[in-house]
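These are the structures in question, set out in turn.
Two complexes follow with chain A in common, the first pairing it with chain B and the second with chain C.
Entry: the complex of A and B
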């Protein structure tokens, strides 16, 4: 068959071929990680110079997984990360959407200036404020069931609260809210709804895509946290997964166990993404924002 | 009424039984070995033994991953949250002492008289830390390789000279049997470069910094000896004797075992695994490049935090942990060198005639601690970058001059790091 640029089937085939190749490039690291997690170190290292690295061949076993659980409290780390991430995502969606609602729909003095300041925080790298923030949280009070405490170090709250509100999430909500039909809001107000009812009954039910996007972006940021928990948590019982990865880097690195650990801690991310996949793609398509 | 009496009896009895425990003062300890099952088992055993051996103190441990341990300590120091007992990497100790993280050990140095020099952390004339093990590097080779290439087996008394060493590399290269003659582990650009490679520079007669004042690197890192070292260093890579900085990390672990390299410059922590895989492995002393053969010294050590309100208790624990039986247990467990000759005799690997006894001798005869200065933490990074750049073809003189400028600027900006 001669090449015909107008041949629809051929163009489709080429397009899918290119897309598949790109998908393969992106998926190769995952395939390598999962396959390597079943191989002993000697075979894993020897396979790195061939395509065998991407295939589940040779001496396959679950030994690396057993080894990972012996070396580190994997379950505890995953639980800590899921807890911190989940709490932060939920609080963030609530707080940031409320802030954005105010910026998008309410009229108050200094609103635009404050929104500009909030958006400007996007250009400040976290590393530059990490130390001042550390000094702050190490002195903050907290009233718990057992009375007043000073200092938030070695707690879940120190990993959650500083991350609840952020410029990107607020910006995402503001942009999305501004795209909603103004007539809806006006009609609700005319019907007698107060601002809380407008937020709760009108705006939020229409905000599925932006909620999914904000949730996934926040989830990834929180689940991948390393520097902040490293400096504010000195107790194993509060450590998250990324700090836990350090348990596997000894003088002689157990690469198979590293891969097993990475595979295990990737599972919650994949589950979360699969749950919100449809809304995430819809949101990217509508807002043009990507992670 | 009867029940009340019984309850009262139980309460009184339990109070009496608990009394000794309540009297114990809690000491907190941070350790860098999270994830190392063997180290954790031994250190937990020591703590358990200590806690039951006396009634004044009870030690609790919190382990950290080694890679992030220093950052965790620095953050905790800022937040005023340091424990009583810290473990600290030997070359980092002066920085922590200078920065106020550590206080001098309230123990007379004479109590550690028989410890290998590299296991004692001394800064500004005071003992700050003591190590329960030492590490050493050596040139890994196969006896069969030496025989096949017709090479003399170097000894501590008569190590290879520079010419002999280069002739050995040339012979290995010419044999065509190896991918590279020598593996230096160039992919590991953390502490390895200054620990493993600065002894080569020192053997040429140079150094990372001028140790007579610790106030400049001028002359030490860019003098005649350092220039000669730099040119030799570059020739290892330009001459195709050793893989460069893009070396596959896997090769440092298995390359020598798989026969990719004739020689490997590696630490004794890899010795046990290598012995298991290579029947005729031999551990050779560092070559002498003119100013004596040297290897690095100083591993992890225990010290007392400056914030500790109970330095005497912390010191008591450190003395307890420094018993020969524990030194031997660590050595048998993790393969590192026990700090005392008596502990070495209790180990399977380092006793006289043991398979790794040579490392004890190497450490005793060749070891030179890395520059004992708070500025070392910066100097090590500058040195690492300079060596990587030279290996990648940068001009030797320019690179070393730039490194000297960077080190001197750091020393100056820190007021000379309190060196008098």
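Entry: the complex of A and C
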């Protein structure tokens, strides 16, 4: 259909209406969760049949939050998740960017084949390797301050190290690095920089957008970890939030407290995303890679 | 400062040979320009000297030392790139000092050398700006500043003025000429712009398809081109080439002619021709003169004329329907369809064998 300038206002209105409806669909569960976390169970269940479910009305209090903290070590779970997620994100940015630097800028035999293999790992679902990986980590050695240990189960490292390097993050970095002007790299080489100096003096300072994207994607993956910590961590002291959620459900079906727990564990994600939002969107726009 | 010597240098990408055996000797302090059409390998050759491309075969010496296997930083070269290649996250000062920072120079040394470079390039007031706040010409000055602070033995320029507009290009060209006189360092400069080549170079290396067509001083190449390619490449408008018949030969000259050209004698300059064979006559547009009817060697009809004020460029159609360009260094009026007779000094004309020659 030909573009009719007279219809411009109408088209804009329809477009915004559709966008608002889509936004509402996405935001409803969040609104429901946050409102419900302030309501007692009886009211929460009664409200589900009306729009009141999405409004902070009736008997509003913080009781569910106090209840959640009394019932389970929510703070510890959040701390565990933040620790594991933070460490994995930082290590991942370092290791994956170094790997990608090598793939993008250095010339070595088998480079392209290896990169293809790394990218191919993206199609392997984690569930298929979970059990072999469990068997592997249960027998791996570790040298700590108190000497040599065998087996990594019930630790932070078992939740961190297997997740540090991954195909998607490496691929994101490779794509971004290849988009940097090659002459900048060549100029720094001619000026006397070794590859390590090129990495940290030239490439990394220019990689803000991809660092943000990779960090956010990794953060979401790590914060939402469920299956892996479920099978490698049995002790409460190392348990992350999502496994904690399952545990919380088993203890209790007080929906208000469940909603309070969910609201609490959503907060770090929102903070993290809001901090890096601008860089995240810029990066998706510039790399042409969907997040 | 250093001599640069390329001996039998070749470069292949896979099976494709880009540089097909190049021998060039560049003297200490000399300004040499590599010119040629795009794809001739001039930039590749420069990048091989910089150490950014491997040398497939042959040897490269800088300052009497074979550097084939050395890293760029060990070769004592500095390079200025077409797209400036200055670091967007650093200030002008940090950009200029980059090489010194990498080399671990003291703060005092950096300050002193940056100040010196800024003075030479007249950009003291720009030192605290970021590249995004600079114009194209200023960015290229920063790139040059970065190159001169390390006092390299050889400067390499890879089409440094291509991204600048015409007026700025002229300014920068003069600035590079001035810089060259000031520093006296060996410089190798790649361009496809013959004006840059003619004005800056001590010697020009004309390249085509990865081979050297001719090496020589600008005027030597202009007046004594070794072959048809060099003759056609240098000079604007390009040299005219006319297919002619060799009517007679006598030692150092040939009698030539065709249906548009009256028989004349042109020096063969030691090139081999065959009697009753074919040849190509090269005449620069500036060497043609309009004469009165009956006195001309060439007869044509004006197809199009451009008045540039200082000169008039006329596009003529000859009797055999071939095109000929004449440039007269005065403002003259020509109308399409005007009959025109032209003559030229045969001493300034060049006769080439009919097939394209290399040397």
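One rule holds for everything that comes next: the second predicted complex is superposed on the first by the 270 of 291 C-alpha atoms of A that agree within 3 Å, B and C clash if a C-alpha of one lies under 4 Å from a C-alpha of the other, contacts with A are read in each partner's own complex, and residues count from 1 in each chain.
The criterion applied here is as follows: a residue touches a chain if its C-beta (ideal position, glycine included) is under 8 Å from a C-beta of that chain, and two chains touch if they have at least 3 such contacts.
Quick caveat, the model's predicted, so the values are computed rather than measured.
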Superposed partners chain B and chain C on chain A - clash or fit: fit
First, second, both or neither for A:7, with chain B first and chain C second: neither
Which superposed partner A:197 touches (first chain B, second chain C, both, neither): second
Partner chain in contact with A:235 - chain B first, chain C second, else both or neither: first
First, second, both or neither for A:251, with chain B first and chain C second: first
Which of chain B and chain C A:187 touches, first, second, both or neither: second
Chain B versus chain C as contact partner of A:61, first or second or both or neither: neither
Which superposed partner A:70 touches (first chain B, second chain C, both, neither): first
Chain B or chain C, by number of chain A residues touched: B
Partner chain(s) touched by A:42 [first = chain B, second = chain C, both, neither]: first
Per-pair minimum CA distance [chain C against chain B, superposed on A] in Å: 50
Shared contact residues on chain A - chain B and chain C: none
Residues of chain C that touch chain A when the two form their complex: 47, 50-52, 71-73, 77-79, 81-89, 98-99, 101-103, 143, 146, 150
Complex contacts: residues of chain B adjacent to chain A: 30, 34-37, 62-68, 71-72, 75-76, 78-81, 248, 250, 253-254, 258, 267, 269-270, 273
Complex contacts: residues of chain A adjacent to chain B: 41-42, 45-46, 48-49, 70-72, 131, 134-135, 138, 151, 153, 230-232, 234-236, 243-253, 255
Residue ranges of chain A touching chain C (in the complex, touch as defined): 181, 183-184, 186-194, 197, 201-202, 205-206
